[in-house]
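So, here come the structures, one by one.
First subunit A sits with subunit B, and in the next complex the same chain sits with subunit C.
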Partner chain A sequence: MRKVMIGNHALSYGAKISRAQVIPAYPITPQTEVVELLSEMCANGEMDAKFIKVESEHSAMTASIGASATGARVFTATSAQGLALMHEVLHWAVGARTPIVMGNINRAMAPPWTIWTEQTDSLAQRDTGWMQLYAQNSQEVLDSVIQAYKVAEAVQIPAMVILAAFVLSHTSEAVELPEQGKVDEFLPPYEPEYRIDPANPHAFGGLTGPDGYFELRYQIQKAIEDALPKWDEVGAEFGEVFGRKYGLIETYKVEDAKNLIISSATLASTARTAVDTLREKGEKVGLLRIRIFRPFPSAQIRSILSSVDRAVVVDRNISFGASGIFYQEVKAAVYNEKNPPPIFGVIAGIGGRDVTKKDIIDIYEDIMRMDEPKSDIIWKGVRL
Partner chain B sequence: MKTEIVKKYLRLDKMPTVWCPGCGHGIIMGSLLRALELRGRSKNDIALVSGIGCSSRTPGYVDVHTLHTTHGRAIAFATGIKMMKPDMSVIVVMGDGDCAAIGGNHFIHAARRNMDITAVVYNNGIYGMTGGQVSPTTPYDAFATTAPYGQMEPPFDIVELALGAGATYVARSSVHNVPKLDELIVKGIKNNGFSVIDVITPCPIAYGRRNKLTADPMKNMQWVKEVTVPRKKAEEMSEEELRGKWITGVFRDVEHVGLVNLYIELEEKLKRAKENKGEEA
Partner chain C sequence: MPEKTEKQIVFDKVKDTPPLAVSLYTMDYNKTGSWRNVRPVIDYEKCTGCMTCWKFCPEPAIDAEKYEEDGKEKYKPVIDYEYCKGCGICWVECPVEGAIYTEEEGE
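Then we have the complex of A and B:
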């Protein structure tokens, strides 16, 4: 069944069809519609789930961890300041190995107060151990929630499904709603080995000294590394069942490409149309969209970059004192290669400033005129 | 006189406000402006701090030192200001969500240490800015986008919360009784400790429309009148009659030393001790 919905509701339907059982949530612009629809579906019986109207995002994540520890499938959603407020317990969710799936609407951080899109909120959480998926359209948002549960529960690591504020969160698109029966088959009920169970008591989170903590951290790293092939496997299996295949990365016209534009989320959609126009002009250009940011698909990126002459990463985020975050990670992935191509880093669209197809074409043409990257940041669109 | 106050304290270039027709927040801001004037000191000695929400837009419009801060944390920001600038009047404006949900802990601890801050709570029982989700003061059984079949949790009574936590000036009024509201805010500012003024105010758009009041400002104002009962009258009413009502009046007005003065005393004591030591040497 096809249904017209905004990106936020694609998250809600993703949680519903995945049979989330507990949803602790707090409203924040531009996430609110996600949890409003879920609260409605919990209240009218469409979902067999408990909606907890918590008093802050910190409590939303904390209650999520508690519920997940009982063996429940848990969903929540937030954005920007709310995500930052969760920071302490984002680490906890990973350490406690609770495979929560959370929607995050990418919004720029305050001050000054703002609500428009930028990726710095979620990328600032990159070292917590949460898996991160950047979606480019509402269909992918919905499909990714289902896949995220499958991967997260297999490796016991939580996952964020991330979408751009307003550009995606509030844009209506036709979305194919998968059949519940097929989803149930694809994503069976969550059955963790350890859970809060009166018949089988356990201690959770007890004090652990240097003799034990190190190995637990090693296991988290191993688990998230295991998730790397899992995202591809689950994305391929999803393709077989539902007809829409997904992977760690997505490539467009890279087979004969000499130059590569690398981006993520909705910016990558804009870049795809720019690639078409540039191709018409005779440019041998392709697009690499990074869909899964954590775990980082280094090998896949290396393999694409091994056959190009130069690449430009367009980041809608910034690590102050360094550079664009995807740019850093892409560069790090190819550093040990024999002859890595020069990689240019562009920062664009900060605080939701529009990035148009023409902007991407300009970025491409600008870097084609340069001999080599002279600094880690090429600013696009900043008014000085 | 009134026009002069508006000109003196408002950033007129920021008009009009974002508040919807029938919203009571402008009435509270009006009371606040008159209270600032009645306070009788320079407006440069005032810090007005807010968190997030419709109420928290107030500092954008008021021409004093203003800080628009993070959701629920206005009191914590204000605490830092007051400790370093004890001579300033530090006023926090916040909504019911800011005050009693995400910022509830800051609220009760400011009351416990009797921080010399005045908290004006714009209490409309709903998260208005995000479009009408339940707040900690949403009445029992009321409708909201996150309670489409009625709120099943009981609300917080902000006055009781402030009293229990140790605030030294605690009052409640509504936007239906403006002269009283002016008076309560002035008293709150003048109190040398943590002051709470809980103001019942309507949100026709996010609350009224969902709760049989429609968006009609008059109906919402009438509702404010109906749900607020003066203390004296409340004493003669039964528990059943008082269900769903907010009792108005002054609930506590006492002198009690707060953290700011305790610190000033400590500093003076330490200074004297140092001086004595110097004399001995």
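Then we have the complex of A and C:
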């Protein structure tokens, strides 16, 4: 069945069709529609789930962890300041190995108060251990929620499905709703080995000294490494069952590409149309979209970059005092290679400033005129 | 509830470790009573047996002791000082004035 929906509702329907059982959530612009629809569906019986109204995002995540620890499938969603408020317990969710799936709508951080899109909110949670998936359209959002549960539950690491504020969260698109029966087969109920169970008591998260903590951290790293092939496997299996294949990265016209544009989320969709126009002009250019940011698909990126002459990373985010965050990660992935190509880093679209196809074409043509990257940031679109 | 026990399962290598930060058995071996510097005492003359203290106590430090009265099954709270860490939650939560009072620890 096809249904017209906004990106936010694609998250809600994704949670519904994945049979989320507990939804602790707090509303925040531009995420509100996600939880509005979920609370409606819980209230009218369309969903067999418990909606928990909480007083803050910190509590939303705390309740999510508790519910997940009992073995329930948990969904929540937030954005920007709300995600930042959750920060402490984002670490807890990973340490407790609770495979929560959370939608995050990328919104720029305040002050000044703002609600438009930028990726710095979620990228600032990079080192918590949460898996991060940057989606480019509503279909991918819905499909990714289902896949995220499958991967998260297999490795017991929580996952964020991330979408751009307004550009995606509030844009209506026709979305294919998978059949419930097929989803049930693809995603069986969550059955963790350890769960809160009064008949079989364990202490969860109790005081652990230097004699035990290290091994637990080692296991988190191993689990998230295991998730790397898992995302590709689950994405391929999803393709077989539902006809839409996904992977850690997506490439477009890279086979014979000499130059590469690297980006993520909706910016990558714009870049795709720019690639088409540049190809018409005779440019040998391709696009690499990074879909999964954590775990970071370094090997996949290395293999694509090994055959190009230069690459430009377009970031809608900034790590103050350093550079664009995807740019840092891409550079780090190829640093130890024999002859890595020069990689240029562009920051564009901060705070939701529009990035058009023409902007991407300009970025590409500008870097083609440069001999080498002279600094870590090339600003695009800021009024200097 | 299972009996309190001092059984403690310690893991050796990563392969024996559960994936999450969870004890492999109860934490009863951890005698939290050694932390206490204030001692709650129950005055059974005033205590109504509502068991609010038992519900709120964060340690296995209040046992619900079953007894019969007028042919009815009843419970009373009994503090286990091996585990009571003196946090004071029971006397803050107790709805009856003076049913739990505190004594200083010490000789």
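Quick note on the criterion: the second predicted complex is superposed on the first by the 384 of 384 C-alpha atoms of A that agree within 3 Å, B and C clash if a C-alpha of one lies under 4 Å from a C-alpha of the other, contacts with A are read in each partner's own complex, and residues count from 1 in each chain.
Following the convention adopted for this analysis, a contact is a pair of C-beta atoms (placed from the backbone, for glycine too) under 8 Å apart; a residue touches a chain by one contact, two chains touch by 3 or more.
This structure is a prediction, so every number in the text was calculated from the model and none was measured.
Looking at the shared chain after the overlay, A:E215 reaches subunit C, while subunit B stays out of its contact range.
When the two complexes are overlaid on their common chain A, residue A:K53 makes contact with subunit B while staying clear of subunit C. Within the superposed three-chain model, A:A77 lies out of touch with both subunit B and subunit C [touch as defined at top].
Of the two partner chains, subunit B is the only one touched by A:E40; subunit C is not. In the superposed pair of complexes, A:I23 makes contact with neither subunit B nor subunit C.
Under the contact criterion defined above, no residue of subunit A touches both subunit B in one complex and subunit C in the other. For subunit B in complex with subunit A, the touching residues are 52, 68, 70-72, 101-102, 104, 127, 129-131, 133-134, 136, 145-149, 153.
Per the touch definition, subunit A reaches subunit B in the complex via residues 26-29, 32, 35-36, 39-40, 43-44, 51, 53, 55-57, 81, 85, 110-111, 113. The residues of subunit A lying in touch with subunit C in their complex are 95-98, 156, 193-194, 198, 201-206, 208, 212, 215-216, 218-219, 223.
On the subunit C side of its complex with subunit A, the touching residues are 1-2, 11, 13-14, 17-27, 30.
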